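Each remark here refers to the structure printed beneath this line.
In this document, chain identifiers A, B, C and D correspond to the written order of the chains, with residue numbering beginning at 1 in each.
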Amino acid sequence: MTEIVEILLSASFWAAVLRIASPLIFATMGELICERAGVLNLGIEGIMVMGAFAGWMAVYAGLGLWPGVLFALLAGMAFGAVHAVLTVPFGLSQHVVGLGITLLATSSTYYAYRLSLPEVTSPPRIEPFQPLEWPLLERIPVVGEALAAQTALTWLAFAVVVVVALVLYRTPLGLALRAAGENPQAVESQGLSVTAIRMGAVIAGSGLMAVGGAFLTMSAFSSFFFEMVNGRGWICIALVVFGAWKPGKALLGALLFAGFDALQIRLQQTGLGQIVPYQVFLMIPYVLSILALVLMSRRAEVPAALMTPFNRGDR
Amino acid sequence: MTHEDGAQDTVLRLTGITKRFGALTANDDISFGLARGEVVALLGENGAGKTTLMNILFGHYTADAGTVEVFGRALPPGQPGAALAAGVGMVHQHFTLADNLTVLENILLGTRPLWAPGLGRAAARQRVAQLSRDFGLAVHPDARVGALSVGERQRVEILKALYRDARILILDEPTAVLTPQETEALFETLRRAVAQGLSVIFISHKLHEVTAISSRVLVLRHGRLVGEVATARTDRHRLAEMMVGAEISAPAPSVARPGAVLLELDGVETEAQGNATGLRGVNLALRAGQITGLAGVSGNGQGALADLLSGLAAPSAGRMTLGGAEVADWSPRAAVAAGIGRIPEDRHRTGTIADFTLTENAVLESYARQPVSRRGWMDRAEARRRAEAIIAAYDVRCPGPETRIRLLSGGNMQKLILGRVLEAAPSIILANQPVRGLDIGAVTYVQERLIAARDAGAAVLLISEDLDEVLALSDEIRVISEGRLSPAFPRGSRSPAELGQWMAGHGFDDAA
Amino acid sequence: MRLEPIAAPTPARRLGLPALALAATVVLASGLSMLAGADPLATFGQILQGAAGSKFALLETLNRATPLIFTGLAVAVAFRAKLWNIGAEAQLYAGALVTVVIGTQTGLPGPLAIPAMALAAVVAGGLVLLGPVLLKVRLGVDEVVTTLLLNFIMALFISYLLEGPLKDPMGMGWPKSPALPRDARLPRIVEGLRLHWGFVLALICALGVWVMQTRTTLGYEIRATGLNPQAARFAGIPVGRVLVKTALISGGLAALAGFSEVAGLKGNLTADLSPGFGYTGIIVAMLALLHPLGVVVSALFVAGIFVGADSMSRAAEVPSYIADILLAAALLFMVLAILLTRVRVVRG
Amino acid sequence: AGTGVLPGRLLAQEPISVAGIYTVPVEQQWVSRIHKAAEAAKADGQITYTFSENTANTDYPRVMREYAESGAKLIVGEIFGVEQEAREVVLDYPDTAFLLGSSFMPDPAYPNLAVFDNYIQDASYLSGIIAGAMTESGNIGMVGGFPIPEVNRLMHAFMAGVREMTPEAEFQVSFIGSWFDPPKAKETAFAMIENGADLLYAERFGVSDAAQERDILAIGNVIDTQEEYPDTVVASAIWHFEPTLQAALAKVADGSFEADNYGVYSFMKHGGCSLAPLGTFEGKVPQAALDLVAEKEAAIKSGEFTVEIDDTEPTSS
């Protein structure tokens, strides 16, 4: 017990929480935007893989770090566009299209990787984002130290949450987005295009997912590996539900999940680690997420038109 | 007056509008004009093409032929945005509101460029408050729409149009879900707006409303414009005839011969469900061969009473006895087994399964019993026979029993439900808003059937927000207010005004 | 643009569009192999050869389709009730797990062991899905999330068992379970080739599900619940109980995939038994528009494309990831083509 | 290379067709050594080489058959997850030689199946000696993917080596449940550093990165990554698959391929593993440790000393 308290009081633990949460935050916000507009985007896992590759490859090919992030964003938006065209105007099953996009994005990423780096056995590394310098912040114990250990991308992740929240709740665009996921007829009858709004949401959201993937290769680590996204995208789907489709709560969910993860890594080295199999520790984030879901977001308000395609002129 | 002249006076002109859905011609070469400050009523049976025409005018649908001109300028087809910009507002037959947004947000939706930095809520709130006052449309701008009653939602829909300075307002069955009081308030609003120059197209199946509000009536039949008449020069009977093409007379119930008490509530209470009131100490006896009408303003516990009789809810206190025996294990299935026939309020959401065929819908309540099924196996031929029988006996107009019921008009859907319920020969009938939204022909038909069931010995509970309907059909009337029931008033013993007093909550024991 | 239903699609449209989807896949295959320096014209033949060019290839395709039929059916049954079961993967492993436990620990003779394993698998898979469904029915917890997260939990649980109590003592340390005794394995259909009776069981299940959905009261209840739970409840259908039954059937079917892979193919349990069959089952089911017999066809389609394209990658010596690209592309082309057989795109 | 004139000449005339089947991408350390050895032999003109990577175990037997049907003379790969099914395939293609990573011993019932594994405990042990000399805190962090024998035995040998220099050394051991999640491996390594580790055993990608960022040391495993982490990776235990492959090719060429255990070709005495050159750490490792390494290496090669092979899951101490 005292060990847990010690862990919770250490700056490095909180630094790890923020690092682990960052890619989840980007991708969760991306998914949240899509679902708020009424589209479940199961392409998330593959789009993250592709973003991880695209950002890293761009930097390896000589672009700067920020242009690399931008490149990942654009690549994600490209796959988002495919998803959007198929699910919005054509109204195809969001399950099939999403899983199909995940498969397509993942495998074409691997194919591209293998074609561009046929001879290399360990992938080349790039110079990733470094923690920002905060001379004053560093001196605040725990919180300040943890924040000071973060790269610009983590700060960007938090900024994205603020922007998403502001757009959703404070702008006409956000209003249209929220309405599109609840009752597309309401949007249409006010003279707006449901198709354009939903497609825009899916494309923008997919861009964010890709940036989440890029975080892995450009901040958390410095090169690209197959399968390195390792289910993080699926976690983000859960986080959106956990967050009851609200940016603030979803952020909280991402931090909680990352917290459980950072905690289990550390618990493995405590006395518990001797007796409990490591799989139990790895399970902690998932089990606690389900528990938290049961306790917190019971009967959350699902966007009523989620997964319901809209075709003009249908009743 | 005529409207073919006075070009500066004509705010809207439809010319040669034709719209086909597959083989069906929903609108057939329809032309008419609308003048400034005029209320035109559009009449027609279910499926006559009224909504389709309005959807074309507003840009939801694109016509196959014809043009729409607003203030002398042609509207580009298929663009609601353009219609809105030209000053056309539409209150849809089915609400187009986002439940997760507030009233204000629903009104603001689409009124500013999407990329604008803010919503301008403060100014908008003032404007909405002003409009509410000017037109007597009281709603709270910051209430979530999901929490509003239908009447309030209707007001939000109208505010949406007024907020955009609509100069032409289309109202597609705005009163179908309103109480008479709410309807009267709406008309008051409309008269004020019309006086300020608003032009209105008004759709309703209720002829007394049409005569009350419109200055001119257009009648559609099978997609064609079959008549046009100044309201002042016609009456309800003539209008009904124009619509249906035959004379219609309202059913006149014979004298009831009440029998034994079949269902009795004794001091029954039920839990409140969210915003909806529960029942408070309700005593009620339903007798064989008698129609008991329940009058009241919507939201006063009608839903709770209907849920109780449907089997969806059980009493939290008090006794409910059926044929003398107290009920146990109350559920929808138990209610059906006990011989209660239930006509639900919302035929789309509770009464039918839209993507089931007529056959499948016809056996919704009997699929689990012989002869429709045996030991878990369905007899599809038997189910189909039942559907065919209902279709024939109840005049359900449809392409066939294997059609998805989604494609039927509300009236025909209602007839199928009626058949499903009555074919089981129920001893008790719960009829909750049985004619809402139906055209006059269908209304008459449904009411006749209910009377016939009464005469055959069933106890009928008729719940309706239409006081006229309650007065016309009921052998005795109970008024519901805040979950309490008034004493039973025999037919003709109370005037509408007196009942109105009870509906407003006066006269109850515990009323202050 | 907007979609307008076509009343009576012509046969040309109904066959031509799917053919076009396949052609587009082949064109993509050619383009991709050209990128990798292979002969673009050879790809079509190579895919066909690999998927169905020989008895071996054909039976391999059927073999690859077998677990997909089971998981596809599992998803189709659940989705009909609008029960979003994303956890077929976990249910599959649960089925595989009890198959191995019964097969290796009880010492039952083969003729008894096989049905016992299958039955136990069905129960186990059903129980795995029961939890999320009870949470949904009782507490309104979203089952997409719970079933999804259970996949991760189950994977870790299996990993724990294989490194702990269920580890094969004769396995030289590698995390895998002991093997089923010979007589507890499903027999092969063709001697010397891998296809086993699990495939036949899958076909029987598809037929069974179809009969269940169309002929029984349960099927009627499931469809009613999925289409409109409110109306179903009003009509007296016990919606919660129907969902529980659906869960037991769906989870059971997914678990049979695990049973069939272990008893028919592998003989033991490893942590990588399934390369995502549970997720692919979702694709298979939706491609079949949730029709149980359609599931068989779409599973064969998915398996055929994968096996054929995978084989093509070796014949053409291009990176093997091309197989997944082509599978994904074929799927997306195909769902679009199937849609366009029924609707037409109009302006406005 | 100097194994005689005869096979060399034969090979020069007719390259042997070799196919690789791997269940993971060829970046994975273990597989990368096989892949690299095969690519080298291909570059020498000794073999033709084609491969399938990331092959699911479900598909593995089919791919084996396809390669065998297409005429591959030697098939290399790993059948840890499909031991039984792979053996059935092997029987159907008696003219094809199979050289497969496996947990089991060779069996004359499968005459064309030879097995191997990365038995590089010798080099791991030596790398442990260096680690034992370099750690100051005596606290060493070890991050693994899964506790499989191939991982466990090297960890144990490494730990034994460490104890030669620092008998009281403590070890933190974690498994991340994935072969490819460098960010997660890195986070785990960070946690160990916070918990006092001043040297990391880099079984996974990502660990050396954590060491580099926190300015502590790392010991490499299976591959040499010092070039990428010049100030971090002190030493590495390297696997050389070449002796294994060459031994098999020679037997295939002269038709004497049979059920055999090629695991020994990973032993140091066969040149199957080695300690990477100290490189940037030349002169920074205490002489006592280097002496002990030299002594043990000689003893290993001469057969006087064998490093214990322990496949059980290591735990923190």
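Please note the rule applied: contacts are C-beta pairs under 8 Å (C-beta built on N, C-alpha and C of every residue); 3 or more make two chains touch, one makes a residue touch a chain.
As the structure is a prediction and not an experimental result, all values here were calculated from the model.
*Asks:* Looking only at C-beta pairs that count as contacts, which pair of chains has more of them, C-D or A-C?
*Replies:* Pair with more contacting C-beta pairs, C-D versus A-C: A-C.
*Asks:* Let me have the rounded angstrom distance from the C-alpha centre of chain A over to the C-alpha centre of chain D, please.
*Replies:* 35
*Asks:* Averaging only over C-alpha atoms, locate the centres of chain A and chain C and give their separation in whole Å.
*Replies:* Centres of chain A and chain C (C-alpha means) sit 28 Å apart.
*Asks:* If you average the Cα atoms of chain B and of chain C to get two centres, how far apart are those centres in Å?
*Replies:* 46
*Asks:* What parts of chain D, by residue number, touch at least two of the other chains?
*Replies:* 54, 147, 177
*Asks:* Could you pull out the residues of chain C that touch at least 2 other chains?
*Replies:* Answer for chain C, listing residues that touch two or more other chains: 156, 159, 163, 319, 321, 348.
*Asks:* Where in chain A do residues touch two or more other chains at once?
*Replies:* Within chain A, the residues that touch at least two other chains are 110, 279, 282, 312-313.
*Asks:* What are the touching chain pairs in this one?
*Replies:* Chains touch in the following pairs: A-B, A-C, A-D, B-C, C-D.
*Asks:* Please output the residues of chain C touching chain A within their complex, sorted ascending.
*Replies:* Spelled out, the residues of chain C in touch with chain A are 1-4, 32, 35-36, 135, 139-142, 144-146, 148-153, 156-157, 159-160, 163-164, 279-280, 282-283, 286-287, 319, 321-325, 327-329, 331-332, 335-336, 339, 348.
*Asks:* State the interface residues of chain A toward chain D in the complex, per the touch definition above.
*Replies:* 10, 12, 16, 19-20, 23, 110, 119, 121-123, 125, 216, 220-223, 225-228, 230, 261-262, 265-266, 268-269, 273-274, 278-279, 282
*Asks:* Enumerate the contact residues on chain B facing chain A in the complex.
*Replies:* Touch list, chain B to chain A: 55, 58, 60-62, 78-85, 90, 92, 94, 96-101, 105-106, 108-119, 160.
*Asks:* Taking the touch rule as given, give the residues of chain A at its contact with chain B in the complex, in rising order.
*Replies:* Listed in rising order, the residues of chain A that touch chain B are 170-173, 175-176, 178-179, 182-183, 185-192, 197, 301, 303-304, 312-313.
*Asks:* If you look only at chain A, which of its residues touch chain C in the complex?
*Replies:* Touching chain C: residues 82, 86, 89-93, 95-97, 99-101, 103-104, 106-108, 110-111, 114-115, 195, 231, 234, 237-238, 241-242, 277, 279-280, 282-283, 286-287, 289-290, 293-294, 297-300, 302, 311-313 of chain A.
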